[in-house]
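Per-chain residue numbering starts at 1, and chain names A, B, C and D are given in the order in which the chains are listed.
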Amino acid sequence: MRERSTRAATLLVAINPLHATLGIAAFWLAIGAAGLAAPGSLRLASRVLFPASAVAGLLLAATALSGIFQPPTALVLPLGLPDLPFHARLDALSAFFLFLLGGVAAGVSVFAAGYLRQGEGTPPGLQCLYYHVFLASMALVLIADDAYFFMVAWESMALASFFLVTSDHRLPEIRRAGYLYLLIAHLGAIAILLCFGALQGGSGDYTFQGMRAMSHSSGWATLAFMLALVGFGAKAGILPLHVWLPEAHPAAPSPVSALMSGVMLKTAMYGLLRVSLDLLGVTVWWWGVIALALGLATALFGVVFAATQSDMKRLLAYSSIENMGLIMAGFGLTLLFRSFGMGTLAALALTATLYHCLNHAYFKSLLFLATGSVLHSTRQRSLGRLGGLIHRMPWVAWTALVGTIAIAGLPPLNGFVSEWLLLQAFLFTPGLPHAYLNMLVPVAAAAIALAAALAGYVMVKFYGVVFLGQPREATLAEAHDAGAWERIGLAWLAAACVVLGLVPAAVIGMLDPVTRMLTGFRIANLSHGWLFLAPIDPQRASYSPLLFFVITALLVAAAWVTVRLFYHGRVRRAAAWDCGFPYLNARMQDTAEGFGQPVRQVFEPFFRVEQHLPSPLDATPRYREDAQDRLWYWLYLPVARGVERVTGLVTVLQRGRISIYLLYSFLTLLVLLFLVR
Amino acid sequence: MLEHYGPQLINLLAAVLLLLAFAMLSQRRILSLINLFAAQGFVLFLSTALVAYLTDQHHLYWSALLTLALKVVLLPWILHRLIRRLNVKWDVETLINIPTTMLVGIVLVILAFNLSLPISRLAGTMTRSTLGIALACVLLSFLMMITRSKAVPQVIGFLSMENALFFAATGAVYGMPMVIELGVALDVLVASLILGIFIFEIRERFDTLDTRHLEKLKEL
Amino acid sequence: MISLSGVAAQFTEVMLAVLLAPLLTGWVNQCRAWLQNRSGAGVLQPYRMLGKLFQKEVVLAHNASPLFRIAPYLIFGCLALAAAIVPTLDIDLPLNAAADAIALVGLLALARMFIALAGMDVGTAFGSLGARREMMVGFLAEPALLMVLFTASLISNSTSLSTIVETLAHKAFAIYPSMAFAGVAFTMVSLAENARIPVDNPATHLELTMIHEAMVLEYSGRHLAMIEWAASLKLFVYSCMGLALFFPLGVARGGDWLGILFALPALAAKLAVGGFGLALIEIMSAKMRIFRAPEFLGTAFLLAVLAMLVHVLLEA
Amino acid sequence: MVLEMPLLLAAPLTGGGVLALVGHRRAAADINVLFSVLTFLAAASLTGRIIAQGPITVLHAQFFVDPLNVFLVTLTAFVGMTTSIFSRPYMRIERDHGRVSDGGMRLYHSMFQMFIFTMLLVLTTNNLGIMWVAMEAATLTTVLLVALYRTPASLEAAWKYFILCGVGIAQALFGTILVYFAAEKVLGPGMGSLLWTHLDEVRARLDPTIMSIAFVFLLVGYGTKVGLVPLHNWLPDAHAEGPTPISAVLSGLLLNVALYALIRCKVITDGALTALTASGPGAPFAGRLMMGFGLVSVLVAAFFLSRQRDVKRMFAYSSIEHMGLTTFAFGMGGPVASFAGLLHMTVHSLTKSAIFFAVGHAVQKAGTQVMQDIRGLLRVSPTVGWGLMLGTLAILGMPPFGVFASEFLILTTAIAEQPWAAPVLVLSLGVAFAAIFGKVQPMVFGDATAQRLPHRPALLPVFAHLAIVLVLGLYMPPYLAEWYRQAARLIG
């Protein structure tokens, strides 16, 4: 892989990857402007602009790939504040995330070319503008090298995605979702801003270079880290700032959900890594514990809620929360190892984290796009009204199957690799020089295993209810498969999932420069050939998905061939047997709620359940039960009420009586005069 | 001889001014309120003229005359016409009862004196002690504006505050430069004219001059 | 690292597993029969059943998708590979480098996922019910199994099964209290995973109780045969895993055919005893309500985590 | 002798006179625009001169132009011009609706010019006394405009505005007298001792006690006009009840100018006090007071926001919030914070006036100022809708608009230098965002209620302002940056 990638590098070394990235970002902005030029024209947007941006995405991925293996390059743009022009810099970390962005964006843009419709709230040209500003700002976030540039790009990203989320703004709930999203994003942004303020420590030097050079006292460092955790955590959907995510992702058009879930959440991880592993010199061990605990809590919370959803996009959104939790846990582990100076293990944990970022980007956007196709051809989002689509839309169904296996963390696809690496990292923790942590960690590993297993449950529910069984609505009969553009997008992402799963050694070769940059170490994998994944040494653990896959395939084939060889292949079609029950119909299948019921029972305390049981005399009995998020009632509503109360107190100041107003200024005067004396 | 008694005379006038301020604070009838205001203006005129004579600063004569014209003649006349046109004969009822107001006033005077001590220690002028009194007058008329609920008394309070400021200027620094005196005077004049207009408008719209009816704009 | 003898051993092991798995199932059923004072159908009954099913034609529901038809072969393939990974006769197995303990668990999970999806494919009430219950068992049993394997791998500092078994079998003859916890947990898990009483009853078609059977109701002919075969393979794999982890005596050191020749009877004996034990457990316990299953498996999970903690506290 | 200077002041003055004669003829609006343009041209050329040859004093040092006030002069002239352009159709519509009488129109146009004149006078004069006179005059000119509609509400608002600001300004006069009193000891009697330039030279020798007491009075006086809590009560009423162009200039210009006066006084006071207590970097007395008032204003205004029903009232409170933020920045002092404060003054006045323009049209379309009844502006008129949306996002500190740049600098400096203030700022900004955006979003998006209008709205000013603010957020021309730096150096 090293050879191949260096060959790629030599091929692309002619252009400086940083310039290329800036160019592509500019190109995306230009596409957006072009879309704005002809807001109403669907043909222009879908036939010209979006395919073009997909190509740009591919180029970005290629340049970023070459950039990973090149030394960092920096340049200063003639924009920004007078004493603080925009600094841009591209090092291995940025390059890796740019690679992620480019690859996913290519697939999503192609899909969007086929997905765009007339008359869905916002005109296509405007959507094109938002979409490409969104892409460009994400690229800029990744190459920003000073606080101001970073914040500008960061907030533009939030803004663009907000407009995309509310692109069908006639529906009040969508407006509400967008409002919640932007509010939390803004609060997070303020936290990040303050974090940078703490990092520059009054030196007035806002460049990342200056922050790196500074030595922070552990107090300031902790403050900065906590602010970063809050700020980026809000964007990553980490507990308890996750509430916007299950609202905003379903509200957005599916390609946007795919980008938000696949890439935007990762930019939050990028920021966290950048601040805590690059800008901050010091690491305090309990930061790691906090991040780990938050991550695990988020992962379990997310997956448990995903299991009880009945809207397919909400389900995926909650599953994104789960995956971000896993990533955050890996990040926490990295911090732990790093703070105890166990470089190689830190590198291992970091590798797992980054690998999972990459995987999640691909399979989650794949699944969101699949739901998009389903949504367009059936106009249904509720799992209770879908089913049996594998017959009507095979393309979507089979690509979605790939995504499903991948996200369930099953071999031989990519989801498994990162979870494998993560568990490996956990198995090393007993080496930590800290008794309590040693005991804590098995529990953490157990939590991760549980989350992974539950993810399998969730995905079986998702796939089984949407694509298998009998159609639950008559209208599903005329559901049509995805169009050509959409198929290309789906296929691209599915292929990526397979490749990432089958050649992990190559991917780790790509991650190597990043881990070396951030932790100073690399995991000793490449010495064992490209076929085997053996992060520490083969005695300790090794895994070869390719071999694994080939042999499974061989065994399956062998079984099939032998059966076919020795026995006849007679098949008869008949009505379903169903224990001889004659009046089988679609409503007898499990509903989504029914499928989630065991989880709801086992994890009772997670939920705030509202049940509505019909009376026995009810002619048309309706049974309703919805499980809500307790945090909403424990955190958000109290805060809102608090603000209300304070407002009530404040408004006493403005009661309309002029004498009182005069009294205020009189008293102010007297008080100040007292102060002076 | 006048030179000799000059400072005492000025202090005497200052005391009278303070007395008038208290009188206005405690005054219930609006007509006499206006008269008191005129009296205040007159005392102001006297003191200014005296200071002018003692320190032979010529521009102070001008401002003394200005005071006489504006604050003793013009403004009281306007106010008289105003209340005749609006035929408001009523007593001025206060938001806080008079004795309390007086007590607060005394506290304010003490505060003002304490506050002006360090300043007047620096003041090289013979009229050093007047600054404290001026400040006291400012605060007292402020208090008056707070305690009165009707529009006209508030206006009078506003104008008497202007007087006190003027007195401070003459007392402490032998008056501000002429240009500024003129500017201030002009502002005061225009202000009182506009206030007159407003009082008519308010009377017309709300058919009362009680500012307690001007409480529609507020936060709920 | 890939030696010819290794490949040979690997091949023999897979073949043996595939061929002998139904025998084990038959043996367990026979033991049950004896313990219930029945003269059972004989240990070869599973082979007869499979033979019969293979000759029968396949009856497919109208809306069965291709997935439904592929699933049996996939499941069979997965379990055959699982059987190949677990070191039963010999330690030096090439595939051990390809897949370690975690991969093994993943493999089993993959099989479970496909069987559950197949169960939901036709869209009958029974199918989806069975799938749901199977996944419910899965999401608790899987982490428990993983924890059991982790305990072992913490002891041997490796997740590669052969290294684990080698450590346990040959290197250090130590008493591992953690393994005791792990053993109990593993027994409970394997009962649940193999659709055994008290979690499931392989011999029922009663809606209230069945899990595995409910999923495969729609299968017939060779598909059903593959599924059943895979099921007995699963039992075989779990038994071998248990034996390898907890009674690793007699497993060959690798390479030498004598060792394997000696290991074969040892394995047979251990399987026979193990099967008898399973039958004993089954007849001595009653089928529990399906809603009790989470508690049962939760206990197993906690025991497994406890095993790890015990290891960290006492042995590390 | 500099020619721009007299032209700058003469243009609006004569404009006021002429318009008083022209009265309510249709031409009045155009003449208004004409004179505003003249003023702006004068200001622009004056700026050019300052950039070329640095600070200048005119007319026996009675007038003084340095980087600090020249950019405010330009800003004032510019916003005055755009406002006059905006008010051309706006006031016509108001008149067609019969809300304004002919006399009203006459009053409006001439008083508008007079107001601009007083603003420019406050900015350019070098004499603290004249500054006071002009500030009072500014109140007098605007108070009649606030009461333009002659409705009970507008009268009430105007009355409060007048009384509160009048009393406040009176305090400022006392403060000015004290300053004179202190200066006279050093510079001797006469006009000379009220000239800011002279005071600035000798500020270290002024008596600290008197200066601190004087500053208290000046703070209460000019602070009332800046709208610092708890002296702010007149502000929301006046903004909500006056005609929208007036709300725009009040928010965009008057508050700035009052703050400018306060800054001038602060410079001298701190000069005198630092001479007294050479207490290193920690902001001295005046600075601390300003920080305190700034924070209180930000916090209280933010909480006020979340209960508003009237759109203009809401944005008035937002002005209080931003003025508080600026005051806080100047209170902190130091090159970065002062720079940020100046930048914030600029972008706030541009953005806020743009918002008021958009709001004005929105209100005319919907026929009400109550926010629940204004819905789906995007459907009625996309330009107005987008103007309001973008303006709101800008004022809420969303990049890449310039407001974000200043808030960025203020916040980052605050947490580094005054960490205790950071939580307050975060809380306030969060609450303010939730309140304003939550109310504006449904006004712009969603389904429509309002209807179309006869006159085409003049949206050029809105987008011109927003464009400038946008540019300032992404790229600041070097000479502008140089201005700001010099001004920040003056403020210290």
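Annotations
Basically, contacts are C-beta pairs under 8 Å (C-beta built on N, C-alpha and C of every residue); 3 or more make two chains touch, one makes a residue touch a chain.
This one's a predicted model, so the numbers in the text were calculated from it and none came from an experiment.
Under the touch definition stated at the top, subunit C and subunit D share these contacting partners: A.
Comparing chain pairs A-B and A-C by the number of C-beta pairs in contact, the larger count belongs to A-C. If you average the CA atoms of subunit B and of subunit C, the two centres end up 101 Å from each other. Averaged Cα coordinates give subunit A a centre that lies 70 Å from the centre of subunit B.
Centroids of subunit A and subunit C (each the mean of its C-alpha atoms) stand 35 Å apart. Averaging C-alpha coordinates per chain places the centre of subunit B 31 Å away from that of subunit D. Of all residues in subunit B, those that touch two or more other chains are 115, 142, 145, 154, 211, 214-217, 219-220. For subunit A, residues touching at least two other chains, in rising order: 651, 653-654, 658, 662, 669, 673. Within subunit D, contacts with two or more other chains are made by residues 159-160, 163, 167, 171, 213, 236, 304, 307. The complete set of chain-chain contacts reads A-B, A-C, A-D, B-D.
Listing the residues of subunit B that touch subunit A in their complex gives 95, 111, 114-115, 139, 142-143, 145-149, 154, 211-212, 214-220. Residue ranges of subunit D in contact with subunit B, taken from their complex: 127, 129-130, 132-133, 136-137, 140, 143-144, 147, 150, 152-153, 155-160, 162-163, 166-167, 170-171, 173-174, 177-178, 180-181, 184-185, 189-191, 194, 207, 209-210, 213, 236-237, 240-241, 304, 307.
Within the complex formed with subunit A, the residues of subunit D that make contact are 159-160, 163-164, 167-168, 171, 212-213, 216-217, 219-220, 224, 229-231, 233-234, 236, 285, 289, 300, 303-304, 306-307, 335-336, 378, 393, 396, 398-400, 404-405, 408-409, 411-417, 422, 426, 429-431, 433-434, 437-438, 441-442, 445-447, 473-476, 478, 481, 484-485. Of all residues in subunit C, those touching subunit A in their complex are 1, 14, 54-55, 57-63, 65, 67, 73-74, 76-78, 80-81, 84, 95, 97-100, 102-103, 106-107, 109-110, 112-113, 116-117, 120-129, 131-133, 135-136, 138-140, 142-143, 146-147, 150, 153-154, 157-160, 163, 205, 207, 217-218, 220-222, 226, 291, 294, 298, 301, 304-305, 308-309, 312-313, 316. Only residues 115, 118-119, 122-124, 131, 135, 138, 142, 145, 151, 154, 158, 161-162, 165, 168-169, 172-174, 176-177, 179-180, 183-184, 186-187, 190-191, 194-195, 198, 201-202, 205-206, 211, 214-217, 219-220 of subunit B touch subunit D when the two sit together in their complex.
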